Every structure is written in C-alpha cells, then in structure tokens.
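The data blocks that follow each hold one structure.
One chain, chain A, links the two complexes that follow: it is found with chain B in the first and with chain C in the second.
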Partner chain A sequence: MFKELDPILHSQLRLAVVSLLIGLKEAEFTFIREKTNATAGNLSVQLQKLKDAGYIEVIKQFKDNYPQTTCRITPQGIAAFEAYVNDLQSYLQTGK
Partner chain B sequence: MTENKHLSEQESLRLITTMIEKARGSYHDTGIGALLWGSVVSVASILTYLQQVYHFRIGFDIWLVVLLAIIPQIVISIREKKQVKARKYEDDALNAVWLIFGISIFALNAYQQIVPGQTRTIIHAEGWEMMKHYTDGSKPDEILLPFAPSIYSFYIMLYAFPTLVTGIVKKFKPMIVGGVLTYGCFILSLYTRAEYDWLLGGFAAIVCWLIPGIILRRKYLLQKQANV
Partner chain C sequence: MSQSANNEQSEFSPEESLQLIRQMISKTRHSVAMDSFYFLFWGWLVFLCCVGQYVLKVYWDFPQHYYVWFLMPVGGVISGIYSYRQARKQQVVTYVHSALSYLWVGLAISFIVLAYVSISGKNWQHAFTYYILLYAIGTFVSGRLLQFRPLVIGGLINFALVVISAGASYDNQLLLGALALLTSYIIPGHLLRNASAKKL
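== the complex of A and B ==
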C-alpha cells in the first residue's frame, strides 16, 4: 500500500521539510535545519532532491555579505503534498 | 532526523502535524512596535485631554513626538526584517494593512488641516460666513471659523481597524479584545464632548497596542530564553 505513496515525500526529512514549508511563504536554510534537527549536509542533499522534483524553489543570495539560502514550496510541491496527505488518509481509512 | 527511516502512516501524519505546528509557532512578534505606538499615542492623547480640561500648555505640540516615533519604527522594522528567518503568508498582508493604516492616519490628518481652510475660502468666495449664535442672547453673534468637529472619533475608529484585523488573522485574543473595545470607544466618543474623545483615544491606544505589546514582548522574551 505504501508503494503508492509519493517516494519523494515518503522520507522522514523530506516530508518534514515540505510540511514545514507548506505553512510558510519562505524559510531560510538555517531555520529549516533548526526545526528539523537535521545536519547541514543531509539537509542540503534532501533539499536538492526536492528541488529536482520541482517541489521546492531554492534561492541562493547574499545578505550582509553572507551567503543565504532561502526555500519556498512550489505549486507543484503543494499539489504533491495534498495528494500525499489524501493517499495517507485513504490508507488509514482502509486500514480501519 | 534521518532521510531513510521507514515511516508508518501514523508516523507520517504525526510528523506532518508536528512540523505544521512548528511552522505556526515559529516566531513571535517582538512587540516593540506595539509598545512604541501604544506608549506614544496613549501619552499624547491623555496629555491633550489634560491640557484641554485643565487649561495648561506644555509648550510644544505633543503630537510631533508621535510623528517622530516613525523614525525608531523604521529602524525597528529594518532590524526585525533582518532577523526573521521565515515568513508566513499572512505577514505580507498584515504589513500592507498597517502601511495603509499609516497612510490613512496621514490622510485624515491632512483632511483635518486642509478642509477648514478650504471651507473658509469657499464660503468667503460665496459671500457668506458661519456665525456662532447664542440662543439665550447672552452674547453677541461671533464669526465662526470652519472646523472638523470631534474628528478624533475618526482616529479612534481607524485605530480599531488594523488591530482587529491583526488579532483575527493571528488569532491573538488581546488584539481582538483591544479592537472591539476601541470600536466601543468610537461609539462612545460620538456622544461625548471633544475633550473626552482624547481620553477615549488614550484608552484605545492602551488596549489596542500597549497591553498587547506587553504580552507580545513577554512571549517573545520567553521564546528567546527557551531557544538559548
């Protein structure tokens, strides 16, 4: 049954990132790392995977001479998250 | 948090709920802006009331202090913008509401300053004047300069608007209560003499911004302490 769930989202850290971004307009890399308790390296890899899937947008810029990475969810990411939650709900209802 | 940990459906739902909650409670307003405006507007309003009731002058227009408070507000806004690491969807909308509130206050002030003079010019051009006539005949008629009567009621009404919007959007009860009470002050001010409108305006600034500002500041400091 779980095979039907979106493999991009059905991963602990990626799901955490998308669930966090769904309620925000945008968030800095440091904020996401702090809220997910992930390591910088692991988080970077997972953000890249979400970006490659088109679920998030990653903006790299300089703020006060320091590099700053900001992430925001894309409409595609919102649709994928909604579909994931719906699939999860149907799974739970079937399981009852 | 690891990438490949197998998630059960319950764990997935729990994780989603936790992260949405974390996003929702991600940060609190510092409360400094609300404290600043709550203090200056309440002090200016109450002092204006005292000056009118007890017939004394402090030597300068206290509302100039309110105008000058824009400078620290700009500094606060720039500093807070730099510190914010995540932005919520409603932040931009609420910032727009407060910006338009500021513009509306200036517009109302312009009305207050310009309309009486303009009215005087127009009625002079038409060849008539406004007169103050004592119904008991105790004093002779006096020429009356046009003025906007009890205009502070409109300011009170404006104070309630962005406060109530913010309170409802952010589900922040002190601002909802403040906004509702301020609309009450507006209604009351329609029936009171102009000098009491200042007192009601002072009360409105306290319930709209000063008290919510104190609560926000305490919450912010507690959150900051917890994150250390």
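== the complex of A and C ==
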C-alpha cells in the first residue's frame, strides 16, 4: 500500500520553498520569491500554510523602516521533508 | 492564485516533485560565498603593520616602534561598520556562512585576548607565534568550509611558519608574520575575489 504523500508538501510552490529552506539557515521573502519565480501574493499564502502546519517559522521585523519577512525551516519541517522524500522514493521504486 | 499553486496535486507527479527538489537545492548551492573584503583588508593592514614595525625598529631605531598597532582598533571599527552594512543587505544565511561568522568572531576575540595577555604579561617575545597559529586555524577551517584550496594551502603554510617562528627572534617574527599574512590572507584573498567575480 502506498502511503499518501504529505498534502502540505505535495504542492509545487510549497515544496519549492521547503526544498530551498532545507539547505539554508534562513532566507528573506524576496530571496524565496526570486528563486521560486512566484508572485508575492501567492507566496504569502503558501508561506502561511507552511507556517500553520508548523513546517516553517516566519519572522517579521522592520529593516530601514521597511517590513522584512524572514523564513526558517523548523525541526518538524525537516522531519516532514525527509518523510516526503522517503515516500517519493518508495513510489518511484515501485513504479519501476 | 498563480499557476504553480493551482497545479497542486493534479498534474504534479512524483518524478516532477523530485526534479523540483533537485532544482531548488542546486539554487542554494551557489549561495555559499565569503566576502574577500575581510581577508584583503586585514591581510594588507596587518602586513603593513608588521613591515612598518620592522622598519621602525630595525632600520630607524624608533623606540615607540609598536605604535603601528594602534591601527588595529581603527581597523576593527572599519571592519565592524562594513559587516553591519553587509548584514543589512544580506537576503539569505547559509549554515556555512554562520559557521564562518562564529569562527571569525571567536578568532577576533582571541586576537584581543592575546594582545591583552601579551601586554599585561610583558611577554611579546612569542606573541607572533601564537598570532600566526590563529591565522592558520582561521584560514584552514575557512578554506575547508568554502572548499577553496588557496585558503587551505595558506593555512597549512602558516602551521609550518608557527614552528619556524617558535625559534625566531622578535624582529624575525615580524617578517614571518608578514609572510604568514601574504600566504594565508592576501594571496588567497585576491584569488577569492577573482573567483567570486567570475561566478557573478
């Protein structure tokens, strides 16, 4: 039986964000937007979903009088990403 | 909502998912870079201080030859302002970047502590041996973390210079210090700057 892929991560933009953050300590909203080619609105919505799931931490602060959003993956997010990759592997191996 | 979010489960196969993960991870791989500014700025500044003190002491017989080291706090202020400005521009922090920052903050504190120990204990005779040892640790570890061979080689050369310096007179230690900075900071710093320019 296949394990269902984590619906939070099995979405292009959310998976892209988590894959970026997995190798970084933290990244700014603008960096994530640039690397994923997402629109600011869509990215905000997806970041909120990841935050609600406890996969990322979103830190909002002011820098030079401009709001700045920084994202960081949580231990729960790392565990979920690892589980997702394992599930993907079993899918691909069975498919061969 | 954009297309990427609308595509969610329907057209998103496990193969595409894996490809996306690979693609994103490769985008962060090039974020690991160290600013050559610190190596060049400190390399040249301390190099000139070593050579300057040597000339003042050996050739000019100037009694306050050690005055050149008053440039260190000035360098600290310039370096501090630069790093504060850079931190404000920075959009991403990698683990390697954090490790490098902690390493160099630790070494900067060691430089200050060692200066205090040497002044208070009046034991300047071997101070440079320990300074070169700290340069060796800093550049060797940075070179390994950045996978940048010139820094690793510079660090290894400095470990050898520490051994030579242990038996050298204070005057010769100044010249060995200058050589240490040339091999571990200045040459790798220029090479690092060229490598970063090519990457951009």
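In this text, the second predicted complex is superposed on the first by the 93 of 96 C-alpha atoms of A that agree within 3 Å, B and C clash if a C-alpha of one lies under 4 Å from a C-alpha of the other, contacts with A are read in each partner's own complex, and residues count from 1 in each chain.
Note that a contact is a pair of C-beta atoms (placed from the backbone, for glycine too) under 8 Å apart; a residue touches a chain by one contact, two chains touch by 3 or more.
Quick caveat, the model's predicted, so the values are computed rather than measured.
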_Fit or clash - chain C, chain B, common chain A_ = clash
*asked:* According to the stated criteria, A:Gly54 is in contact with first (chain B), second (chain C), both, or neither; which is it?
replied: neither
*asked:* Which partner chains sit in contact with A:Pro7 here, chain B, chain C, both or neither? Use first/second/both/neither.
replied: second
*Touching both chain B and chain C, residues of chain A*: 10-13, 15-16, 19-20, 22-28, 30-31, 35-36, 38, 42, 45-46, 63-64, 85, 88, 91-92, 95
*asked:* Help me check something: in the complex, which residues belonging to chain C touch chain A?
replied: 1-2, 4-5, 7-9, 12, 14-15, 17-18, 20-21, 23-25, 27-29, 31, 88, 91-95, 97-98
*Parts of chain B lying in touch with chain A, wherever the complex brings them together*: 1-5, 7, 9-10, 12-13, 15-16, 18-20, 22-24, 26, 82, 85-89, 91-92
*Of all residues in chain A, which touch chain C in the complex?*
5, 7, 10-13, 15-16, 19-20, 22-28, 30-31, 35-36, 38-39, 41-42, 45-46, 63-64, 85, 88, 91-92, 95
*asked:* Going by the contact rule set out above, which residues of chain A touch chain B in the complex?
replied: 2, 10-16, 19-28, 30-31, 35-38, 42, 45-46, 63-64, 85, 88, 91-92, 95
